[in-house]
Amino acid sequence: MKLVRMLVLTAGVVLAVSGAVPLLKRILADSKPSVQLNVKNAQPREVEEVTQNAILRDYTLAWQGIGTALANNTLQPLNENFSGFALDRLVQRVKDQKQNGLSTRLIDRGHKVEAVFYSPDGSAVELKDTASIETQVLDGGTVIHSDQAQIQYYAVMTGAEDRWKVRVLESSAR
Amino acid sequence: MGRILAVIFAVLTVGLIAIGTVHGSRNAQASTPEGAVQAMFGNAKGHDWNGAYSYVASSSNVDQGGFIRDLTGRNGSLRTYSQLDSVNTRVLHESDTEATVRTELKYATAVGVSFDTRDLKVVKEDGAWKVQWPAEKEVHVPPQVIPVNYLRWDIVWRGAGDDWGAQNVENPNCRILSMNAVERDGGLIIMGEVENEDTVPAFITVGAVLTDNAGKDVAEESSFDKISHVLLPKEVSPYRIDFPGIKKSDVKSVRMTHDWMLVPASADPVIGVLHQRIEKDITGRTVLKGELLNESGTTVNIPHVLATFYDNGGKVIWVSDAYSDHALLPQTPQPFSVALRDDLAANVHTYRVTVNHYSREN
Amino acid sequence: MSSPSIAPGRQVSLPSRAVPLSWVLLLALLVHGPLLLMQITNDSYDADFHKFFAAHYAQHWFNPWNEKWFTGFSQTTYPPMEQQWMALFSHVIGLNLAYIFVQLIAILLLPIGVYRYARIWVGERAASYAAIGSVLLGSLASLVYVDGQLSTTWAAPLYLIALAYFYEWAREGKAMALAKALALTMAAASAHHVTLLFASVIFTIPVVVIALMDRKRDGADATTAGVISRSAIFAALSLGGIILVLLPYWLALKANPIKQMPIPHGSRENFFSQGWLAVNYILVPWGAMLLAVPFIFVKGLKESRLRPLFFGFWLTMLFALGGTTPLPRMLLGMLAGVVNVITGANVHNPFDILTFERFSFWANLMALPIVALLAVSLIDRYGRKAAFVLGTLAAFTVAFAVSWPVYHPIHDAPFSTAEVISFLNRDGHDKFRYLTLGFGSKMSEVGIGANASSVDGEYNSARLLPEMTQYGSAQLTNSKYYGTNGIESLRAVLKHADQYGLKYIFVRDPYYEPLIAFAGWRKTEVYDRGNVSLWVKDGISPAHRTPYGTPPTAMEGILWGTLPIGSSIIALLLMLMFPDKRRKLEPIEFPLNANEPVLREAR
Amino acid sequence: MRKLIFIGLIVALCWFAADCAHAADLNLPKDAVAGQPLSIGTSGTGTLYLIGPGQVIKREFKSGGNIEIKGEELRSAGRWIAIARGDVRQSQIFWVKPGKPENLNFLARPSRVPVARPNVITGVAFIFDKYQNLILDPTPVNFNLAVGGTGSSKTVTSRDGIAWTNSASAPKAGAAQFVASVGGTQVRRVVQQVAADPCNLRMHVAGRANNNVVIETDPIRDCSGNPVPDGTIVSFIQTDRSGRSTVDSRIKKGIARAELPVSDNATITVAAGVVLGNELHVGGKQ
């Protein structure tokens, strides 16, 4: 009888864990990436503290948005944080992924970001981002590619109504 | 038994209706001067013009149409956007045949509550008190041609497409010229002046955020209608921001917020402010009085007068405003009056009046 | 719920027979079906309010927190049953037809309720006439086609049927009758709390009295103590049930007691002070029934068994007269005084919060059994002529009530809100809050279609913004009708536009233009051929949650999504699974003859 | 014999392994450029996915051979992933560079500026290729600012895709042409240079009309001699025994004009914004 109870208990625990793990993974997947921003070398204008905080917040959200959009092939997270060329490009990527049955899981291990340009009128900022990212491409549920690398990104953010949005996002081999 | 009960209940019902109805009647003959004024305005409030006019003395020399226009307004003025809310009366002087009744009329207008205090003469006619209505002189602007060099700014904005980098017209440069925070009537008031320094018209809003000693924002208010929102090039407007119930000692700092927008605007109408002087009104309160003169050829429906009062150091010590309940007809002077706090009157060295306006689209 | 029929073996002429209930329902369908399909009721005053609530339930069944009005409010502040049914039907037939359909159900329930209630007081035939009368009531037409009081029209019949079962339970102690009475009472409470609050006094007390009087009739053999104790059990269980099904409502009320200044309403005026008030609140709802009032007084007081009903009717009628008599204000003031003494609270006189047009409906319902007796005697005396005259008068009554808005319009000229909704739903405009001015009840139509949140709303009791509760005015969109209170409330809200993220104002009435122009809004667009203009204030930050009101907990949401509608489903199941046993009918006219005890037919 | 068979098997196995290894080869060019055709060598049968920053390209391949990607298909510069699925499964990373500069996003600020102010005009150019890829390599950009044919020109080399410059506004009012050019691409903006604050504001009595005194200013100019734009507010203030009278007049055709009530002893002052003008004393009946 005791054995039966133990078995039932074990089965329950296994069930609970198996249910909780994907949930936990999802929570982790949706969590914000860690971003460090350095604005000391921004030219020609000095970045104000308020702007620095806003950029840090919105660039972090932008990467969170990319992760969610590419993993789930949804456009909503992109519309909130991207505009212009970057938005067009990512939207196309999501649409193409969806059409081909692919998705991309980005495991974001952090960004070291430096503001290299802040326009004199305060409307645009260029960021140089060294990102540690593990990229997994999935065909249905199967991982068909996985790599981990440090990638250099250049991002141009411009001020929108209530936030900064990424207008250009380009990776470079430099 | 049943029939008696039926009669009792029928009588009871009719009695209750009678009590309720007689109690609310307002068309009785006025037995007091105050009663006449109250009854006249009571009927006017209920739009019973015949009833109201029946309390007007025949010696008033006003026909019913003119009387109604006096009460309901003309030319799209603020009075035409008003409903009478309440009437307070007080007899200043009374004899057997004549009395003077101070009447404070409270109106609900399209821009807020408005008060109008008048000393009405009440006379006894045929044994009943009647109001000698001071008929307003109806102004008729003579036919004429007023040449206008029509000057306005139109704006062509950037297209709707997201053409980043494409040039857009810049918002104007404006500047808050001064800011003075004072505590009055248990609240904090922030006032000062703002100027459009640019060569294009500006639409401005000015607000303030108060921060307490812990650095936390405690209140946020805007100048609302205590400012002229459209400023032409080099135009200066006063502003006043009220924070009711906040003490100056509880505030560590004030953060001014503003927004300057480029808007299409017209340079007309030009409204002159003539013969400004500080004096006492009939209630003994200090007011700034004068006349408004619409120098353009179109009617200004609702003028809004903003007065800035300065001390001898040129500091803004008070900003007050008033809406005129009469429209400004072209080339026709119209009196105005703006309240000034009695306790500040002695400190006022100079003042400046600007006129904001609303004109109905035709 | 079976149709009453004529006992076999007796030959009676058509006018002297009870009319089968199925015929009455058919009549209701014939009279109201076309009117409903013409969508007249969709233009009624509260129609969009109910649709607005239903639209939210359709999308968020278990989340009663609705951010579209008052910057956020809980829909647990209004009983949800009929709106939830609308929400369910809307998925199939759309919101407008769902409203019509749910309203039709209420109209069909009414003759059943009136029949069951009338049967307590009068015979089979008179009860069936009362049921016919209920279909053609001016007050019903007024509530349905002018006021749009869906909840009142739903709750009343449910409660009337519940009372019929309560009568059975009180006298005979049948458990199934108790179960049905309770289920129907809870369903009625889920439909409309105000109806229940007053109905528990004006409808129930006469039934308790008659149950005591009838304790030995019709084979019942109850004692006075038995009737009283069973009434007490019913009252206690009903109270518990109502508390349970509307638990989130009580919690919301406790968290945010209704503290607002009285809002003026025509039904609180003396109806004889202005002609239109008398027409609107007396002539329209009462119609031809006014001619029967002397008979109601005489008959109601002559027959001892009808007296409890008469007293209930008389009190309700006086309440229906609003401020015409001082009695309602006095009685409600005394009630508030008693509550204040007992609880130590500071409750204002409810007279200033209530609206009294629904009391005409209730008074009409209570009068119907007595009026039906008049109809019986007239038809018996004058035959088809009387039937024709009565039918014509009833038809005129309902026709006048339906057509009254033509002579006394409640809406301005119609206008389209489509462009307003389209603007709010595009280009991220819904990040900001908006306000409509001069839209009347079309405000709810905008609320249904737009994703954006408004600072205004149409349900006064849900308002929590201090700028609104501190002033005695209702909707901001109608501010100008509330004098200085209205305009000051509007000014106060506009002053805090920055805090509320209030960027867009849609103006239908140019009256409001001076204020918003002086306050810093700019006219930017014009819609519906100049009927509506959009005014925008620059520099406003996107809206965020305001500190007013607390969203219901998830558990409250689940309770709200299950219990109220569940009570109606349980009531329906009980009625269908345990139908009433047909009584062996014996058509005995009322009164059989003057020497016999009154209401012998009630045996 | 057994040894021979064993060796034979080993050879066969090695050959098979080599073949397989060969099949797994994806020959990706190291210098792919956005907008230029790309040839990818494959072997075996399967599907090739090219996953780029802003697109996914899918190609079926059979029996080896090259896969040709057209220039207009390869639009996004940056990091790409090539994944082969089929007989073999393999993936590789490759980089695509931006093409030649063909687009400029030129932010010229402000659009309106007072004359003769130092370093008030700024121009920022973002350099893109045909497919809006930011060109990160240093690129010379020419900025030219001219009013009425005279002006200045400056060449700035871009850094991380951006080149910027600043300049003073000219002393003469008018529409300045601000042009940024790179390669054959040129973008033009207009900077309106407007008059500064009024200078030497002066008024005089111009006559009488309708029982009023007509006061008029001289033509109003800034300190560089540019006419102050029409519509600018000029305030006339008359002070006499009956109080103060003010008229906020608008400049029309270069001058401001106001009618003030006739007074037997009045002082009239004039101001535009915070700039004060002369003072007039009007006395006696005229």
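Think of it as A, B, C and D in the order they're written, each chain with its own count starting at 1.
Assume a residue touches a chain if its C-beta (ideal position, glycine included) is under 8 Å from a C-beta of that chain, and two chains touch if they have at least 3 such contacts.
Small disclaimer: the values here were computed from a predicted structure and weren't measured.
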Farthest CA centroid from subunit B: chain A
Comparing B-D with A-B, the one with more C-beta contacts is B-D
Distance between the CA centroids of subunit C and subunit D (whole Å) is 62
Expressed in whole Å, how far the mean CA point of subunit B lies from that of subunit D is 47
Between the Cα centroids of subunit A and subunit B the separation in whole angstrom comes to 56
Per the C-alpha centroid definition, the whole-Å distance linking subunit A and subunit D comes out as 28
For subunit D, residue numbers touching 2 or more other chains are 107, 109-110, 126
Residues of subunit B that touch at least two other chains are 164
Inter-chain touches occur between A-B, A-C, A-D, B-C, B-D
In the complex, the residues of subunit B that touch subunit C are 2-3, 5-6, 9-10, 13, 16-17, 19-21, 23-24, 46, 78, 81, 83, 85, 106-113, 203, 205, 207, 220-222, 224-225, 227, 229, 257-259, 261, 263, 301-302, 304, 356, 358, 360
Subunit D contacts subunit A in the complex at 49, 51-58, 76-79, 81, 83, 85, 89, 91, 93, 95, 97-98, 107, 109-110, 122, 124, 126, 128, 132-134, 136, 159-162, 164, 166
The residues of subunit D that touch subunit B in their complex are 104-112, 126, 187, 189-190, 194-195, 197-198, 210, 228-234, 242-250, 252-253, 258-261, 272-274
Within the complex, subunit B is touched by subunit A residues 83-84, 158, 167
The residues of subunit A that touch subunit C in their complex are 161-162
